[in-house]
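Next up, some structures in structure tokens.
Each of the next two complexes has subunit A plus one other chain: subunit B in the first, subunit C in the second.
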Partner chain A sequence: MNRKSLKILSLGFIMSILLAISAFPTGDSIPTGITDDNLVKNGCTCHTDGPMSSDVVITLSDLPEKYNVSQVYTLTLNISGGPDALADGNQGGFFIQSNYGTLESIDNNTWMPEGETHLTHNEEGNNYREWSFNWIAPESDSKVVKFTVYGNSVNGADGNAGDYWNKGEFSSAGVNAKIAEDHGELSMPQKLIYAFTVLVVTLSVVVVGNRMVVNDQSFEDVIKSYWKCVYPWLTTTDHKYIGTLYICTGFGFFFVGGILGLLIRWQLFEPRIDGDFLTYEEYNSTFTMHGTTMIFMAAMPIIFGFANYLIPLQIGARDLAFPRLNALSYWLLPTGGFVVYMGYFTGGAGDVGWTGYTPYATGDSSTTPGTDFWVAGQIMLGASSTLTAINFLTTMLRMRAPGVTMMRMPLFAWSIFVTVFLLLLSIPVFTVALILLMADRTFGTLYFDVAAGGDPILWQHLFWYFGHPEVYIVILPAFGVLSEIISTFSRRPIFGYTSMVYAMATIGIISFIVYGHHMFTTGADPLFRFIVMLTTMLVAVPTGIKIFNWLATMTGGSIVLKTPMIFALGTVITFTIGGITGIILASIPVDVALHDGYFVVAHFHYVLVGGTIFAFLGGVYYWYPKMTGKIMNEKLGLIHFALSFIFFNAAFYPMHNVGIEGMPRRYATYDAQFTELNEFITIAAFIFGFAQLIFVYNVIYSYKNGEDAGNNPWDGWSLEWATASPPPHNSFTEIPTLKLAEEED
Partner chain B sequence: MSDDHEHHGTIAPFIFCIGVALTFIGLVMATAGGEDKTGDTGYWFVFFLGLAGLLTGFFMWVQDYWDQDSEEGEDIEVYHDFWGTITTRKFGMWIFLLTEVMVFSTLLSAYLRYRAAVPDYDSNLAECVGIDPCWVPAADIIRSHLIFGVINTFALLLSSLTVVLALYAARNNNPKATTRYLMATFALGALFLILKAWEWGEMKNGHFWSDHCDPLKQDIANHCIAPKYEHGFWLDTSLEGTTFYITTGTHGAHVFIGLIALLYLIAKANKDGYNEEYHDTIELFGLYWHYVDVVWVFVFPFFYLY
Partner chain C sequence: MSLLHDLIFFENPTIWNDFGGDYGGFGGVVWQMFIWSLLVGLLVAVWMGYNLIYFRHADGDPDHKDALKVGVFPHERGNPKIEIAWTIAPLILVSWLTLISLGPLDYMWDVDGQEADITIEVTAGQWFWSFGTPICNEEKEDPEEWCSTGIYQKPVNFDECEKPTANPRGCLEIPYGAVVHFRLTSNDVLHAFNFPELGIKQDVVPNLETLTWLDSGKFETGQYSIWCAEYCGTEHSLMDADIFITEVA
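Take a look at the complex of A and B:
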């Protein structure tokens, strides 16, 4: 296939997508799952050739507007109109089915055919036009129950002539159900997402229109010129382009997730009642989407972005081993992210927490398709990470330049090496667990179904087998970044390189045997808990080694305080606090009290924001000159750091306090005694959020106005500083050879 | 030197991913969308559109290899001796298989977790007549027509051999024999899937309990297996069904994907012919195929015998 036909093919495909999108709302549903098959079996069988007639009026009385859980209601179905009946003959028939709850016959006039769920008349019942029966409401209070009724009004004569039938629909809702009227009202996150969509569309219309007018170009020309800009990005397999895409997508999601986080904080500004700001249900989906976005669509993509950009440069390779696979990994990210967010366009996003615990995730409580979208999107993201891991491991084991032995790789490269190993062994497990969950939700399998003997805790085992290595997957690369920055700005090689490598490898191995510390309160085997407690505490040893090595590196060095270094220093402090609270939580008796409370929230934000995000913000300041050829503005950088550091601590430190005092996490409201601290936290969080805008401004501003960087603005030692900034198309014109300083040329 | 690793861009991954996303969106909306969340069948259209996109992306991807003399491209120079002289593609395949090991480990450990916790039906009959937490293994149902599972096992093992023979033939510059052996592999794999589908159908539609059965006695020969299988054995019947169908189904999906790859190999062998120099892809496929085989060696005793 040549280029042109390729282009036509892809254009055609994109056109058909647009078509599909425009066709979305027209898909008509069959409300109660009643099929023709049922129609054939129902009382109207012998009359269906007659016309549906509006003369026949069907009423269903005594049906409550809001039902009570499991209550028995006696309903009366009446048909009127239609032909006059013969005095002694048949008068009518009916068929009724509800999508939730159970129907029950209470007299001799109605019956339920075996293996069916609908009620219909029998021979006796044929002589009436009114029937009574019981309906037992479902066990869940969040259902919207629909009744589909067919009524037949007959004249009693032989044959169908003169018989008329009609169809009726009735409904009743649980007290907690989202009823159709509610759909009109948008939730806060929905409003934001819609507003964002509208903004993007308007902007693009304005930009395109502006160009058409100003340059006097036709619409086609403008689109063509944009296409020329965009097409290389859609088709690229170059690790630097893909790295850039990853980093931009990651930070994009970081801001979306940040807005969701601020919504959470605004909800918790004061104790709320349902719907005061967010409804309780919306709150659930807000923290679910926040967590999912931050871990899978922000932290990991930012990490992979840097890895993509830097690893080939650091080990002296031209690209990754499988560039196309790399493009596939990347494209699964925005598309998978979109699928996860689809929930917002279909009535409510996933609301089962980023951990997706069963039976909550399989149960009735998660009725919106948002949770199904959450599962589906996560499967795509899991596939993406798996492919990335394969790609990087192959690259790093096979494609190092002459002289770059394993033990001469920069520590960032080592951290990615350990990370992809963890990914390789953990993320397929999560992905398979998600597939099982999807099978349970969609195809009726019973993996996590308690009633069938399934074990919901199995989900927790599978999830945390992945989940704990996952938290190291996001922190180890941050360790790598810190090591690079601290060594460069202390003007000294890192202290104890070998012990750093072994520490990371040890953390990686231990991370697989400690996951049980997330499950102390599940009633797990005491021996299992005990082992897990000890191994968890053991993690402190290699982690401590790393922290002390960084300190030792600085001790003998002459420190240069530039923005990246300041971020690195701040990270060491906040990460250490997070590490210490981790050890506190590892103790079983303490954790039983603190589990699922705000202390845990404080812990993981200290390690994730104070560790990963801070380190990678430092990483942006550090490598931005390599990627763009410009240095970022120092002054703005300092302000950004100061605000971030102060208000991060102001926002998250008090969470320890409210956590110890007993404030639980994942609730949309709280006891009034926590109000003051929560107000303080919320205000600090908002300032922290707005401080990030300075960073965005700096990135854009410096791209045009920054100082020229040259190849090596920081006097770094690793190989990426040996090539031009930004690096040439093939990264290295010639594969370099790494030599020790003492070696002869 | 600078242009022999020139990056040829490709839109295929992008299209493929859009296709995957639409497939999922269609699936979710068709099964859980609509006003009352029981599915909006209009969305199957989106599902199939997604599948079309996914296939388009896939074919565009394969097209590039198809047009080249070989799939290898130039291999990347290796400066560090790690795992001897194997190619980078082969190395990547090994690592991919490692992730695949994790996939089946997960499925098998989920199965063993339930299997270990629940007493077997026939060992503890009096206690668990008709009660759900009693494991009635799929093996009991299969036993009366185990012969198909056995044929399948031999078919797969044999197909592992034919792949090796295909590779051997390619190495000996015998393109005819290569094609023949590849076709034999395909036939054996297809046989496997056909027998499997037949067996699934039997189990799904069979009746394994009736009024004449003695509630205290499992009588496999007379189809008295468990009251809960009165209406057949399917993935939503019981945990036994769920684990059986999902695990063997995942394995079957791997065989299916293998067959698609084989179609490509056969066509390519017909067009250009694999030979002494270019046979790498057959070898890679062979690795995958052996792996699928090895998985079966675990799945078979776990689900068909035990």
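Take a look at the complex of A and C:
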């Protein structure tokens, strides 16, 4: 594309963005005239629905810096600024509350409502903008007293148009008060992040310093030598490098998400009061970030990392169709992830759940900047996935080596092919929904505003239209991995290749018409709910075909039990359990009891951890030799599998029981009857978490000490085993041709 | 011991008994789900075990004629009859499970012709349940009046008709042996009316009236809880209410 047409294109983009902005349905106030809940919660029940205004200045005079015990002080509150008052009638109002000591009205302009501790103006009092009252200091001289004041400056006209309000805070301390410097309390996750930051900075200083001393190099030399290592990774467009980056980023986020998961488990170790371990708000952020991280920043990057690395190798291409686009897709991932996590530095990460249901997500009640970052980061991740989908579709349709027809692609390639179709058709819907949500939150539009007539269920339709294909996006590639591993280690071709392909395609198609099963209790049309019950049940058919085909592949085979195969077989077991509970949940009368409870949590962890993560751990053991040229340590692999499998089941199986007995999900605390099982789950979850460290150790250990793998350590058939391990720069020295077994005979 | 007990046995939601009772006892949908799950799970496990015992690779085994060769698309294995069989069998199974889910569905949903003994308006908000008249109805300033609106309802204490700030526990008293309809609506965000003991759940949606019902004759008299099941913010896990089922003379 030449410069001129690029210019025209950019102009077109800007024009359409401007057009789109002008088309936003915005509104200053809600048509139904409901006042802002936030104001009431803040204590300002005053006659206004506008935001706080800095034009209004509040002063509280005669307040001593240090108070004497039990002394009576007469304070004067004054508000200035705001609208010019009309000569007669209303001028303003106020509200004041102190956390220690007693407020007292001394004239006819102020009063204290019965049963309350705050002072406010009365009918006479609103003709002024200055009020006096008494404050009796507390009996203890070690308190720091805080006054919270709201002042409303009004123009006296009917209604509240043109009125402005503001909030003020004042304090006074006893002579013996210990005045803590006001750092603000750090939240638990913030502490963790700061701790990690300190740790990383310290480590890098030590490592760099060590090299400077030992090698007698200058600081610049050391940094330059690191830069030499980092530079190729930052600028690469090679699918193998990008694949590796994806996989490492994915597992990195998996680690972070895992820590969040363990925080959740520790919070649920026993019923906790607010702030005992995490505050409820922090807990809500924690499960939101856990879900978002695991789905979008761990599972999907791991999948697309493997796809990046393997698809060109498996179909005999040198690279993806658009290598630079591929790099862009990748770099949107850590950027988007970072943006999502920015919430932790702005007073609390998003707390709307990974599903982000409106109207909660549009409201003021959700942690404001954190949720905005959550939305913004997710949009980037959505863009990344869309670009990836286009890239892979093009590559797989146009760049297959001779002999690799569609029906001769390895099943992992087929699974990715179906996956990117789903991705392309579903994730833009979510991205658009997120843009609408962002517009609602930041530009004051009213798409999801129920009070303005928005549909309260609309978001759920948009989200789950994407959300259900999304879960197949993460499970289908796992099916692909399992098919490869089980066939290779049974030393036989896969049983029913054609039916495997059709099964995956069928799952892909059905996935778009089942999403309503997430909404069985919403009060949506009964016919709609009945239809999705039926279609959801139907998913069991192609999934069953796949499981039976795997088992039939093993029957009559010659099974070699190496770590990848053991992981694959473990996955078949855990995934089958997850699939079965899926059918149970599909039945509406049963689901109504289990919906939004721990049975559901157990179900999707069996599918996502027991299915996707286990399969891809097997995938790491299987393809690590191809990527590094070294075989992973078998003994460590077996220990890793045994601990993972046992404690995964110990952690997640009891959740079925807790769920049937009625414990709802997303609860920061729970009824005491569930304590025993929850303690058991928490302990098992921690062991499961720590078992993954063995895997990390194995990856590093084997990279240094592993046996040489050779080109084809497992005797696989597909083309990635035909090239060197690790593959050369352009993947193949010569583009291979896939032969047919029938011709070979 | 009791942990083991908890892992094996569980108290099922009361409503499942009705699925068994009116819809074929042991053959009810929940039981069938359980039995078929067990059968399918066992089939997979046993088949896999059988494979692992009889088809293990031993050193020195000769290569099968089908064995995989690198760079060669292998022989297609398969048997259309078997594959069709395990397509049709699950299809029949899930169709059957869908079919037997319909009866209980009628039982839960078909409330049009049902005569309600009591209808209770339920309002949910962050983070409370209120029963009876929608909150902040300024005509009812006298708290006593709250109790007299519906015969058996005790309201949340709405002092001065302000929004309650500190999670008050709403409570509700219903008579034993009555069919009770709940008309649900929300003040702010989504909530869900969840009666875990019974196993009913209905989202409470702003700007939309949803309905759920129960037959208090299926319970023993006593105290039960209502929880919120749809995530609604900070105090989601504290949003509960007591429900008393009492014998009325």
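The rule we apply is simple: the second predicted complex is superposed on the first by the 560 of 745 C-alpha atoms of A that agree within 3 Å, B and C clash if a C-alpha of one lies under 4 Å from a C-alpha of the other, contacts with A are read in each partner's own complex, and residues count from 1 in each chain.
Basically, a contact is a pair of C-beta atoms (placed from the backbone, for glycine too) under 8 Å apart; a residue touches a chain by one contact, two chains touch by 3 or more.
Just so you know, these numbers come straight off a predicted model, no measurement behind them.
In the superposition on chain A, contact is made by A:R398 with subunit B only, not with subunit C.
Judged by the touch definition given at the top, the superposed model places A:T335 against subunit B, while subunit C stays out of reach. Once the two complexes are laid over each other on the shared chain, residue contacts for A:F688 go to neither subunit B nor subunit C. Judged by the touch definition given at the top, the superposed model places A:I660 against subunit C, while subunit B stays out of reach.
When the two structures are aligned on the shared chain, A:F443 is found in touch with subunit B, with no touch to subunit C.
When the two complexes are laid over each other on chain A, subunit A has residues 453 in contact with both subunit B and subunit C.
Contacts from subunit C toward subunit A in the complex involve residues 2-3, 6-7, 10-13, 15-16, 19, 29-30, 33, 37, 40-41, 44-45, 47-48, 50-52, 55-57, 61, 63-64, 66-79, 82-83, 86-87, 90-91, 93-95, 97-98, 101, 104-105, 107-109, 126, 159-160, 162-163, 165, 188-190, 192, 194, 196-197, 199-203, 205-208, 210, 225, 227-238. For subunit A in complex with subunit C, the touching residues are 37, 40-41, 45, 113, 115, 280-281, 284, 351, 353, 357, 359-360, 363, 365-366, 403, 408, 450-451, 453, 456-457, 487-488, 490-499, 521-523, 526, 530, 533-534, 537-538, 540-541, 544-545, 547-549, 551-561, 569, 572-573, 576-577, 580-581, 583-584, 587-590, 592-593, 595-597, 653-654, 657, 660-664, 666-671, 676-677, 680, 711-712, 715-719, 721-722, 736-742, 744.
Within the complex formed with subunit B, the subunit A residues making contact are 1, 6, 9-10, 13, 16-17, 20, 23-24, 26-33, 99, 144, 146, 180, 183, 231-232, 234-238, 317-319, 321-324, 327-328, 330-332, 334-336, 338-339, 342, 346, 367-369, 372-373, 376-377, 379-380, 386, 389-391, 393-394, 397-402, 404-405, 424-429, 431-433, 436, 439, 441-447, 452-455, 458, 461-462, 729-730, 733-735.
Those residues of subunit B that touch subunit A in the shared complex are 1-2, 5, 7-18, 20-22, 24-25, 27-29, 31-43, 45-46, 49, 52-53, 56, 60-61, 63, 67, 76-80, 82-83, 88, 91-92, 95-96, 98-100, 102-103, 105-107, 110, 113-114, 117-118, 132-133, 235-236, 238-239, 241-243, 245-246.
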